[in-house]
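By letter and in written order, the chains are A, B and C; residue numbering begins at 1 in each of them.
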């Protein structure tokens, strides 16, 4: 058995009467990527904050590299574990000063600092950004600076809270690549919270499913997703993930009934309880029904509009809520607004069956 | 009425020729008020941090108290301090009355409410995540507090300027605890007291000259701060076309 | 330790450095400071600047002149914040001596208040006694058609200063109730200092009581054009005296010990010396063509000129002496 970087034993955290983390046992192994997967409010962020030693647990015990952590004085252990927040938070200064901050705290000499910052910027593909004002960068660039700022510290444990939420696919892709590289090259143990199933399936070595402050399932992705169907209903909050009953069709595809009269056609042949996921980028939005080869067309209303960098994220309610991403340009050209009636279209082949 | 135009002409002559009397008064004003503001920053900043970063009972009351004190008439504070520093008063044994130290401490007390009030709201408006962020990047509690303070810098600089403006422009404290001593030995007369006296004795030219200088000093200091704050922005502005070009090439 | 705690320690240290630095500087690196509390009207003539220059050239003391207003001048001495008091208000001085705050009073100089007014003198007061002059002003004022206060012929300081008190006493001496005078339509109250009051009188072509020092300064540089109409009358007499603050008053002897009662007395002896008296008498002659003050020491010794000496004695002596024996403390040669 591999040695654990960190270990939570019956860790509980409560704010007043509200228990957000409920007697969680969790081991983080050396060199692994562990994903905490669960809906908002399931306690992922709190676990990350406890592992970063910036939040004190109400009960239980935390071990770091075999030693029990004294939460009264975390100044030393904090140097070994760092967290990248979900909401990108940068100091109001240059990119260089942001990334060098942790190194300065560690009293790293200036020449080394300069070199490390340069390297970190290369990794996140922001070469030459040192002197730019960090807060004037685009959202995606800001999040990459935040990641670089954590990477440069070369901590034993790297904690990422929804690293790609609110990022356009290009930036999200860069980040996923970075996470993978860092883990492989530095053997850094990484714990990331996510509610993006697609991401959870791709990157991590292990997945822990979280729900209402508890870890309900933990194991390799294939194993967890195999068992997932019965629990997946609880994860309906995750974007574009639906559970339903599949029925094979005559044409060799299957139709998954996800409720409210919404039937999704998928290419895989399935029968019975199934979970499906549709990548938001794969969905086409139009004001009228388009004639195409795509098998899935639904009519619905826009219920939410969120501004990402170059993209706009829409929630379209077609009986079930779908998340779609379109470019800002097409958003304004189509003149979309809240409550507008739109059609969403996607191919059967872009539906992933879990 | 006195010849105002003549006064202004005389004022410019005095300023241009660098009249030693005027130079002395100006440098005393700058020295006393500058030191007072530095002192007030030193004790006002930790107070602001304490009020903004800690939770305790009576916090709102304390904040209200400081914002109320901003409007205290300087002559009232001057009188209170005079009675305290007076040889017959509780701190009389120090013998500080009519010394620069009395003026400096008096003005520092005068501007502390400005520094604390604006400082507290500047610190409170900083993203609360900055504290956790600094800590997770390896800062100690104390270093994290400094990081929050840095984020509040622009608001705090604003309070520093406001304090200096108030200190150098006030009359009550410097008159009552400083004594407005002119002459040849230790002097405690500054711009405001000298203006007031010269108006009284009909030296309109000198009074106008000092008034112009007071305004010029305030103006210069405010300009310097604005330029310093803008400097960063101007550098950014100058660089922008270069980065746009670079990004354009990259996309190709 | 938290950042604010560190900062507070730095702040405390900085405060201590400022205070300690000042104390060390004033105790070891400067001349002893002798504080002289005086009224602004005396200070504003510039005489004290001259005296300071002369005195500091021959004495190892730094004269610090506090000119912050009559009331606070006395307050200073009572708190032990001044060593010498230099004022021109016999009644206040008397109380000051009686209450044990002042000692060794010496009358050092005198001059006269003056009534100034328009060149053509419509009330016809020039050369008259003050009582007749005030009568004339009232008659002239009453003769004006009531224009709801459009024409004001008398401007008062109206600021409770020494000069204002003098004006009140002049009106009552002439048999008028000052309160009802203030309600006359031709009466204006400036509520400001002497300079501002003179400017207002000049604009309005009105009569006004002025101290001779400020008046001559404004008149000689052309700021105002009103001539002085009444000069040198007994009731316009203005007498300046000096007193040492009693050493028993000073609240904190330890701090005060560097400046002694003897330093204060040395300054008083300097003021009454023939050379200084001459300096006072000559002051302003070059600039204004006449003196602003006249030294009073020699006239009081000579008992001449008369009736001036008797005017001074009537106005500013207590129990037939400038300083009754019970208020003297050593320095007997001052009163021989």
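By definition in this document, contacts are C-beta pairs under 8 Å (C-beta built on N, C-alpha and C of every residue); 3 or more make two chains touch, one makes a residue touch a chain.
Worth saying up front: this structure is predicted, and the values here are computed from it rather than measured.
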Central chain, going by Cα centroids?
B
Looking at Cα centroids only, farthest away from subunit C lies chain A
Contact pairs, highest-scoring chain pair
B-C
So the centre of each chain is just the mean of its C-alpha atoms; given that, what is the distance between subunit A and subunit C in Å?
84
Would you mind pulling out the distance in Å between where the CA atoms of subunit B average out and where those of subunit C do?
36
Where subunit A and subunit B are represented by their mean Cα positions, the distance between them in whole Å:
48
What are the residue numbers in subunit B that touch two or more other chains?
141, 143
If you look only at subunit B, which of its residues touch subunit A in the complex?
127, 129-130, 132-141, 143, 147, 150-151, 232, 235-236, 239, 243, 246
Subunit A residues within the subunit B interface of the complex
49, 52, 54, 75, 78-79, 81-83, 85, 87, 89, 91-93, 101-102, 105-106, 128, 131-133, 136, 149-150, 153
Within their complex, subunit C touches subunit B through residues 1-8, 10-12, 14-15, 18-19, 21-23, 26, 30-31, 33, 35, 40, 44, 46, 49, 52-53, 56, 62-68, 78-81, 193-195, 199, 203, 214, 217-218, 221, 223, 250-252, 254-256
In the complex, subunit B residues that touch subunit C
1-3, 35, 38-39, 42-43, 45-47, 49-50, 53, 86-89, 92-101, 104-105, 141-143, 145-146, 149, 175-176, 179-186, 197, 199-202
